[in-house]
Amino acid sequence: MKEMLQKILAQNRCWIKYGKVANYIPALAKAEPKHLGISIMNIKGQAVTVGDCCVKFTMQSISKPLALIQALLDSGPVEVFRKVGMEPTGDPFNSIVKLETLKPSKPLNPMINAGAITTTSLIKGKDSIERIERLLKLVRTMAGNKNIGINREMYMSEKETADRNRAMAYFMRDTGVLEGDVEEVLDAYFMQCAIEVSCSDIAAIALCLANRGLTIDGREIVPGDIVRVVTTFMVTCGMYNASGEFAIKAGIPAKSGVSGGIMAVVPGKMGIGVYSPALDERGNSIAGVHVLEDLSAWLDLSIF
Amino acid sequence: MKEMLQKILAQNRCWIKYGKVANYIPALAKAEPKHLGISIMNIKGQAVTVGDCCVKFTMQSISKPLALIQALLDSGPVEVFRKVGMEPTGDPFNSIVKLETLKPSKPLNPMINAGAITTTSLIKGKDSIERIERLLKLVRTMAGNKNIGINREMYMSEKETADRNRAMAYFMRDTGVLEGDVEEVLDAYFMQCAIEVSCSDIAAIALCLANRGLTIDGREIVPGDIVRVVTTFMVTCGMYNASGEFAIKAGIPAKSGVSGGIMAVVPGKMGIGVYSPALDERGNSIAGVHVLEDLSAWLDLSIF
Amino acid sequence: MKEMLQKILAQNRCWIKYGKVANYIPALAKAEPKHLGISIMNIKGQAVTVGDCCVKFTMQSISKPLALIQALLDSGPVEVFRKVGMEPTGDPFNSIVKLETLKPSKPLNPMINAGAITTTSLIKGKDSIERIERLLKLVRTMAGNKNIGINREMYMSEKETADRNRAMAYFMRDTGVLEGDVEEVLDAYFMQCAIEVSCSDIAAIALCLANRGLTIDGREIVPGDIVRVVTTFMVTCGMYNASGEFAIKAGIPAKSGVSGGIMAVVPGKMGIGVYSPALDERGNSIAGVHVLEDLSAWLDLSIF
Amino acid sequence: MKEMLQKILAQNRCWIKYGKVANYIPALAKAEPKHLGISIMNIKGQAVTVGDCCVKFTMQSISKPLALIQALLDSGPVEVFRKVGMEPTGDPFNSIVKLETLKPSKPLNPMINAGAITTTSLIKGKDSIERIERLLKLVRTMAGNKNIGINREMYMSEKETADRNRAMAYFMRDTGVLEGDVEEVLDAYFMQCAIEVSCSDIAAIALCLANRGLTIDGREIVPGDIVRVVTTFMVTCGMYNASGEFAIKAGIPAKSGVSGGIMAVVPGKMGIGVYSPALDERGNSIAGVHVLEDLSAWLDLSIF
């Protein structure tokens, strides 16, 4: 297995030069473009890691499915899906157009920014600290890593460059989708984007989803019906504007982040964490996407 | 099994009254709203049918995945996906907006009208008759029913009321997506929508997809990689603007048509055909959707 | 003249019942729907007023051309039109769509909210108080009324219900159109909307524009080239989504506000202020529009 | 006067090199980019022409206000404005988006393609020949030139490259805006675009509008109220996406065409025809626009 991973890693390094590290948030731009790491954890808890696996990076959009889990746990599916839709969109993840043109106005799904901000608002807590602590607790439990925390520099950087998200949040408060203190919700959202992890953490979290929400020794962390909802969203909307293509080419439920991480869930089999910060034009890790396509082909991991 | 199907049928009849038979094509409006039929064929070729299973109806959008298969066989994936995208869309199936706003202009996927018209143009043939005969041959082989043909009245009715499709087709010729004689391509498209089938035909076709493109006795009709592509599209874009919701609630690759039919593929297990012409507001058979959700829950058919 | 005005007023009262007082800002909803007042001031300074002319109301969008004047005085046309366009739009005054879809992103004109917020940001001042004081000074001078001030209740009400404007402002800061402290610019914008006037004030201000920026006794308040720019905008974009229709039916440069006021400029002849808070569906005073159409017909005031 | 025109012509030749001859219709691409001609006819019928004034060119969009006149004469304003709106748009002249997004669907004004096609459908006639003959008769009478006719090569070229217009026409028939035989209406529309004129013809037609629809010797060709409507549209929507800017900078009611012609109406004073086929990015004659701005400044022609 390790050998195979090393081969896959080696043959996909070449993609990095066609990608670009995200730079719209200054702290993101500091990432080393050459990094590429893969971590796999199977259903028996055995882990294999190759490449730059110890590099820490922030979750960014990878936090979206996890925030959705916490919101579903806290507010229930009825309330969550009264506010956020279930449909994929052909628009970019930070588009505001449909919030105006769709009637009734409702973000199309929880994997685009507008939907994710709404999801975060549905995590219980009297303020952003309480919300983020609930989410952090979930993340730490799923990852089996108590040391996971917030990258403070990234959080501050997000906060300072978040006018597009702010615009969406205020628009949604105007239409009644978002309630309460917008800046407070955004604050929790920026913190969740700045949760710092490694490939191995991501693989462990993905494994928990692959194992229907159970730990390796069988304790339930996330109820099975919530796991099903979340992995379905990962297929239909997990890879930004390239979700459809990734479903066809790799067929693995996955969620990417603009930091260059990808969390991939192979139901009943394994959790995968990939990290490589050079992104393609849709915002997905360019080498990461190819690594997962190769892995899917070699190990026949497609759910389709 | 038959008993269970009858129960499911009985408990979902109540939905019919909340739906409406499509009326934008006059010939469609003649359907009997009360009809509801289910046909299931398992991987061993055993069939169970309940309700109004002998009623004939036209394929409408159910023909889209089949035309995609024929186009992939005839023109290859490179050419097909140079012209049509792989991404789901948040817009209605007959929306023209994205053809103007997306650069480069390209229909988002082959399950919306613009994409399907393009797909049909990629079926080989010197005219609409040759194209439709190639497609009909595929459909007949997959269904194991040589008698499948075109409903002429429906075809004429489609043709007369197809200005929206015509608008999209001319727009796409303007942007270079569609080539050749627009009216001739549309003619083939209208015929394909008017292919007449029963629930059992649909179940048999679905079974062929569920069986990785093989007949029950193991002959390959559709190559496995094409089957995978098509069933993936059925998940991400098969149920119009409710594809995401259906993936979450039923989790079965499916394609609906405005005639009220739904073709559902349970990989490795069975093919399902449902028919009930009263539609919900998104254009899916209202009782049909609920039947499939129940079936999925009772038999644990979700791929997620 | 007074008689004619009274006739026009009498015959247009009937429209009021087809309109509705704006209610999206609570303080606006308190207006008395039955009010209807007309004030005309001619180039010799003679004034005629009929109806509810002493009722005070807030300027709302009527402040937009005045803020544009101050921005042009303060920042010059090059800077102003680098940030704001000159083109009318078919979209509603509070639409955010074009800010995303137009490249480069730039509000289409200074008479829609996005453009007006930008205009306000181009009025000099170290904070919102300084900006609004500059604008108030201009308004007072044009109106010849030192007592014009801010309606504090309305200002607070605007501020509390301004999430849509906030969304646009943050979006524009994201795209680089708006600079500096968004909340501070918005604060000035909310105050300018809450400037309190009567029909007579509006007529006097309009007269100043009708007189090419001069007072009746010939002192220049606004340079002629700025007057020309502003009155042109009033024709192409002054009456929200009904500007084209109003240009055809009345042909008078005019600017309306959702408080129910309309400021109309008849170049070389007169300034007109109309007030009646019941609005048509586009946000213009329903009786006010008809009064101006009648006035234009009776006195042949159209510039076309 | 002639001297002044020659100066204006000389100093604006330099703009030509920044423009580009339209090439989306092959026959248009044959125009000589260096051509620049100006023709002015005053209210007394005196004409001055400078530059390439004898060059023939096709009307293209300049035919839109004339078709509007004929439609208003034939079908009346109520019927015309039931089908076409009065509002300017921020979208390009060939945009189809608003036909889908606006409810009820209605082209925004008669100066964009969708609106103009509708206008042509409202000219009486049992077929395209009858419609175009009515329009030609009007054009010839207004121009005082019986020899004006259709450029057949251009007409055929329009017809062959008109898929975008075809798309809009079929879309509008789908929504009920356009009735009857779409290809027949389009045929008339393509012919009207291909009406061949010179600068002097344009100046004469413009003069008729400038003279409130009367010939120089006082015969009424177009009723005054229709003239008013048409010149108003020329201000709010006559110069494509640059109408607002042109209103501010030149302030003359004008209509441009992609052939490089501009028809400008100075009410009560003169008619102007300008021709220079190199276009700016919005589709207006680049030298033509500057010539008119200079003329307006030198002779103080702005209506504002």
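Each chain carries a letter (A, B, C and D) given by its place in the written order, and its residues are counted from 1.
Criterion: contacts are C-beta pairs under 8 Å (C-beta built on N, C-alpha and C of every residue); 3 or more make two chains touch, one makes a residue touch a chain.
Please read all numbers here as calculations on a predicted model, not as lab measurements.
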Two candidates, B-D and A-B; the one with more touching C-beta pairs is A-B
Chain B and chain C, separation of their C-alpha mean positions in angstrom: 54
Computed distance of Cα centres, chain D from chain B, in Å: 47
Expressed in whole Å, how far the mean CA point of chain A lies from that of chain B is 32
I need the residues of chain C touching at least two other chains; which ones are they? 101
So how do the chains connect up here, line, ring, star, complete, or something else (other)? ring
Enumerate the contact residues on chain A facing chain C in the complex. 95-97, 99-101, 163-164, 166-171, 173-174, 182
Chain B residues touching chain A in their complex are 85-91, 98, 102, 108-109, 228-229, 231-233, 235-237, 241-245, 247-248, 251, 253, 267, 302-304
